[in-house]
Amino acid sequence: MGNCCDRAASFFGPQKNTNVRVGLPAVCFVWQIAMVVLFGVFIRYDEESDTHWVEFRRENNITSDIENDFYFRYPSFQDVHVMIFVGFGFLMTFLKRYSYGGVGFNFLIAAFGLQWALLMQGWFHSLNPETGKITIGVESLINADFCCAGSLIAFGALLGKVSPVQTLVVALFGVTLFAVEEYIILDLLHCRDAGGSMVIHCFGGYYGLAISWVLYRPNLHLSKRFHGAVYHSDLFAMIGTLYLWMYWPSFNSAITDHGDGQHRTAINTYLALASSVLTTVAISSMSKKGGKLDMVHIQNATLAGGVAMGTAAEFMIQPYGALIVGFCVGIISTFGYLFVTPFLEKYLKLQDTCGVHNLHAVPGMLGGFIGAITAAAATEAVYGAEGLRNTFDFEGEFENRTPGTQGGFQAAGTCVNIWFILRFPIWADPGDDNCFDDEVYWELPEDEEIVPPVLEYNNHMIHKHQEM
Amino acid sequence: MGNCCDRAASFFGPQKNTNVRVGLPAVCFVWQIAMVVLFGVFIRYDEESDTHWVEFRRENNITSDIENDFYFRYPSFQDVHVMIFVGFGFLMTFLKRYSYGGVGFNFLIAAFGLQWALLMQGWFHSLNPETGKITIGVESLINADFCCAGSLIAFGALLGKVSPVQTLVVALFGVTLFAVEEYIILDLLHCRDAGGSMVIHCFGGYYGLAISWVLYRPNLHLSKRFHGAVYHSDLFAMIGTLYLWMYWPSFNSAITDHGDGQHRTAINTYLALASSVLTTVAISSMSKKGGKLDMVHIQNATLAGGVAMGTAAEFMIQPYGALIVGFCVGIISTFGYLFVTPFLEKYLKLQDTCGVHNLHAVPGMLGGFIGAITAAAATEAVYGAEGLRNTFDFEGEFENRTPGTQGGFQAAGTCVNIWFILRFPIWADPGDDNCFDDEVYWELPEDEEIVPPVLEYNNHMIHKHQEM
Amino acid sequence: MGNCCDRAASFFGPQKNTNVRVGLPAVCFVWQIAMVVLFGVFIRYDEESDTHWVEFRRENNITSDIENDFYFRYPSFQDVHVMIFVGFGFLMTFLKRYSYGGVGFNFLIAAFGLQWALLMQGWFHSLNPETGKITIGVESLINADFCCAGSLIAFGALLGKVSPVQTLVVALFGVTLFAVEEYIILDLLHCRDAGGSMVIHCFGGYYGLAISWVLYRPNLHLSKRFHGAVYHSDLFAMIGTLYLWMYWPSFNSAITDHGDGQHRTAINTYLALASSVLTTVAISSMSKKGGKLDMVHIQNATLAGGVAMGTAAEFMIQPYGALIVGFCVGIISTFGYLFVTPFLEKYLKLQDTCGVHNLHAVPGMLGGFIGAITAAAATEAVYGAEGLRNTFDFEGEFENRTPGTQGGFQAAGTCVNIWFILRFPIWADPGDDNCFDDEVYWELPEDEEIVPPVLEYNNHMIHKHQEM
């Protein structure tokens, strides 16, 4: 059987070496040691997490410990944390034989990514020029988790087709690019993007698609027997979906302004998500014989409302505005799964395992433009003079911006994301005939057979090929 | 085989049309558009989620953003949100072949229900007569989730026997009735019912049973091969159970008074739940050969303590009082699963898939009476003068109510729930022979066979019938 | 087959009686009634959860309800609660046929343990000598959950080998010993141990190992067919792992000082955990052919960073210090799974199902010493005069302690834990040939066969034995 397997593999291309016994430990050790050194040089506690807080409090007339930023943001931070590790992780367990890889590599990417993100974002946003230090607090942790999200979205497009070493490289470059792009959009263009429609979702989606395009596998059909779900793997994926769905209001509101800012953002996101569930169900049911629902749609497109509200959720888009956004992107995202993903694969050589194009790239881009429109439409009558200033941060050098100009910059920011298409080196990715298979990188328990044996399948493929 | 299947079906009754390809999308679209329009007309942000909060703060001498209601309630809101979607959703995955339906239709009902609830509850409780608007904040979101809970409980009784269109109808009527009943009990009778023993659980349970009675299926035994669990489906259900169990203190305390109110409610609920675990285990073990435990009991009756504390948790019932409540309802609920559910099915034609009668209806009703007794027993010595006033809201027109009178009204409120028995139109529900089967409404992956093939089973049934 | 089974069993030793139909209900009822009585005598609400809070607030010039301890600690409490029930519970579902037992008995132990913990910890730490009452609030609930954690860790070592009655006994003694040990370490020696490296993990680990040693089963290989995972049981276990991992920052910071204390603890724990993921992956990959990862390592050793930061997380260990701690214990813990567990089983007769020695006992002990070193190295220059006093609680009779002395006491405290080795009575544990099998204590659904039938296996064992 091994023989036959080999024959099949060599028939379609050179057999890939999937041994990562040297590469993976080396990368983990070296990079983690680098983190220790860089953290030693650069990273310290900020004034709210340092023991000097008691003096800081007195000096700034802060009446109570409860006004420490920790109490404003920690519950949201934990919700975001769950989204990153359980949400994204379990959403990627839907494949029948790549569930370990989905949740396990997600874990690995995020655990490395958040450390690197603290450094990269620190260098760009909060390096103190006097001390040469970056100080971190709970908001930094949230931002680091956000930054990982970009790479995890990209991983979604590559799921099952890359080696663990490659996933770490994806995270390294992803976090780096993220920090640059975020600096351009949020600092230079002074856009508002609390939930990261542009900065996180649009970026992550296109980053993943770009890599997927570079790594195009013409013979991926050789792994077709692994490329699907079984009954219980789809249920595991629903755990991921629901945690993403439920905690998305925390995701979008985690770093918005204290008070009404966080409050309003949570409400808008909650409503947009509810609305996209109904339109997703509607389109999914229309698309199948007998009106049956497709788990892929329910697992993914229901979340599009959260993605698309990432920019505008902080603004006074009004509850019905949020419902409209959810309504539209639910439809668009489901159509994406029905028509765009097959089209991309067939004509543009884009193999997008999780369909991040439909869930992140497109809704994220739309979210950017929705934010631009909402910003441009802002008036003092609706926001109040102070409210307008607070919401759009018209302070310092941006004091004299008008909502109209802000809208223009928001739109410009959205466009920046479409730049990021790139190539980079790759190692030890699996052959086309054992993609989507945990067997390659994980010790598996002996188990009931879930997939048809490789022998028969490959024989079958060979015969089919010979007939052609 | 299809032929044989048809024969079996036509033998026992006219074959049901389970095609929802027109009905489901139509309902989703039309209702969601209605939501958009109604939200546009009625719903706005309240003063704590509006950009004018900064002015409101100044005018009301609120010293810090942390006093925005968001920070009092948002962590509890998220816990409640998890209970609604993961708690109820996964609790209903226990059936071997209806797990998609359990978690998926739960998702659909709740996503629609919460929008409709914001409107219904708004019209009844917070419509501003001057502006004609309903203003919403985080407390409204919690109440909307609560309101959905009533319909989800009802869905538990119907699990596997209704079509997705019917579930949406159940939610539409359920939310409407809920809002009316809540208005009567909380506003007119001025009852206290923070965790909703009466308003949510008792109502939801009897509402579900009423529908189940209307929809009685004499030949449900034809779906018997699907009516049970497999090893891993029971584990998925335990996810639901544990999230409900852990977050129930947040459920009961989510909308109680700031400060000691939320604090005390959480403690009481925590204790009642712990206590009901032990008595559930005791009864479950006594009831089986060899003292084996039954997953159905562990998944459900352990939660009865939370249901039964819904009304009284806010009162000074004392920690030992909470333990006693949990002790008793754990026993009662487990006995319900052992004896009452089979009795109801056999003699009253009530088919209650999840046993909501034992987990919600009865413990909820008991919770109402426990609340009445605790209220009637309240004294100024225990509560303090101010504490008594705060806890029972003896203000405005209710200033002169005594605890005794309050107890009477609480008891009256509990009785109100027993009214709600009703009929309503139904479409596209599955035939008796394919209940509890995801095949009907979901695209299923090809998979290892979990259930005996329908062919053999139906053949067997036909022969059995012919022999009779 | 039953006959053959019996023969095999009697061949290797007297057949155990696994009937718990009398013992389990009796213990549950009697102990729960005892709880009710003892709570009635001793436990009341504290001033922050009592209706007199409104008066207390006024007397103590507390400006807002938000300063009620509930709002400082409740979100962390809920995270800890999830760790106890879902984290520990699902981590123990990895066995192919003992998942009900893992999550179910964990539920039972914790539900009883937390009640008993409120009493035991109350008697030792907060009994009011005047009133003879223990008053409880949200911090008591967290401490009760912590106290349960000790017994749940011990249960990890015993998983699959004890009866439910025994698990309750383990909890009864575990909680009692925990409270004594905690009193010695935290009160008498005045150690700081917020996240319980010493008090919880080191104690729990050695407590479990001690019991496992007492209960040594020479013929445990008879249950070998159940002693392993299947594909989906490992995924269920990953749910447990991720919840423990994500919420560990809340675990360690749940009862640290308001303000910077909670903030800093969360940051340090977050970083240590991230770091131990990478080194765990590195060692796991190095240890296997082809660099494949082992789920056992990923499920467990990634958590070692949280355990080892339990004591020092509150101190100014600095972000890079946290990374170093995680780096080292990730390696140590994974090596433990590779080499120490097999060694302990072979030479010391210690059967440690979940490997708590590697995840809790050793990292906990290391955490104690890391705390001692960090404390000894504390200076006023780094902490500030006030900060030093607050962090180490140098108040009252301990006013004149220096960091050096404190370090010595911390080290002494760690050593205290190594004392606890003990014996106690046991009932109704399963025979050696049906360990790790839910069949013994749970009603199981009819299901696809996951394990080879006992008949063949035992036949095979008998033949093998006879040949010897």
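By letter and in written order, the chains are A, B and C; residue numbering begins at 1 in each of them.
What we mean here is this: contacts are C-beta pairs under 8 Å (C-beta built on N, C-alpha and C of every residue); 3 or more make two chains touch, one makes a residue touch a chain.
Owing to the predicted nature of the structure, the values given are computational and were not obtained by experimental measurement.
Enquirer: What are the mutual neighbours of subunit A and subunit B in this structure?
Expert: Joint contacts, listed by label: C.
Enquirer: Subunit C and subunit A are one sequence twice: same or different residues at the contact, by the over-half rule?
Expert: Counting which numbers both chains contribute, under half are shared, so the two copies meet through different residues.
Enquirer: Report, in whole Å, the distance between the mean C-alpha point of subunit A and the mean C-alpha point of subunit C.
Expert: Measuring from centre to centre gives 33 Å for this pair.
Enquirer: Would you please write down the residue numbers of subunit A that are in contact with two or more other chains?
Expert: Residues 63-64, 66, 71, 75, 232, 239, 448, 450.
Enquirer: List the residues on subunit B that touch subunit A in their complex, please.
Expert: The touching residues are 18-25, 28-29, 31-33, 35-37, 39-40, 43-45, 48-55, 57, 63-66, 68-71, 74-75, 78, 81-82, 85-86, 89-90, 93, 97, 99-100, 103-104, 107-108, 111-112, 114-115, 118, 136-138, 141, 164, 232, 236, 239, 440-448, 450.
Enquirer: Where on subunit B is subunit C touching in the complex?
Expert: 63-64, 66-67, 71-72, 75-76, 79, 96, 228-235, 238-239, 242-243, 245-247, 249-250, 258-260, 262-264, 266-267, 270-271, 273-275, 277-279, 281-283, 285-286, 288-295, 298, 302, 316, 318-320, 323-324, 327, 382-384, 386-388, 390-391, 448, 450
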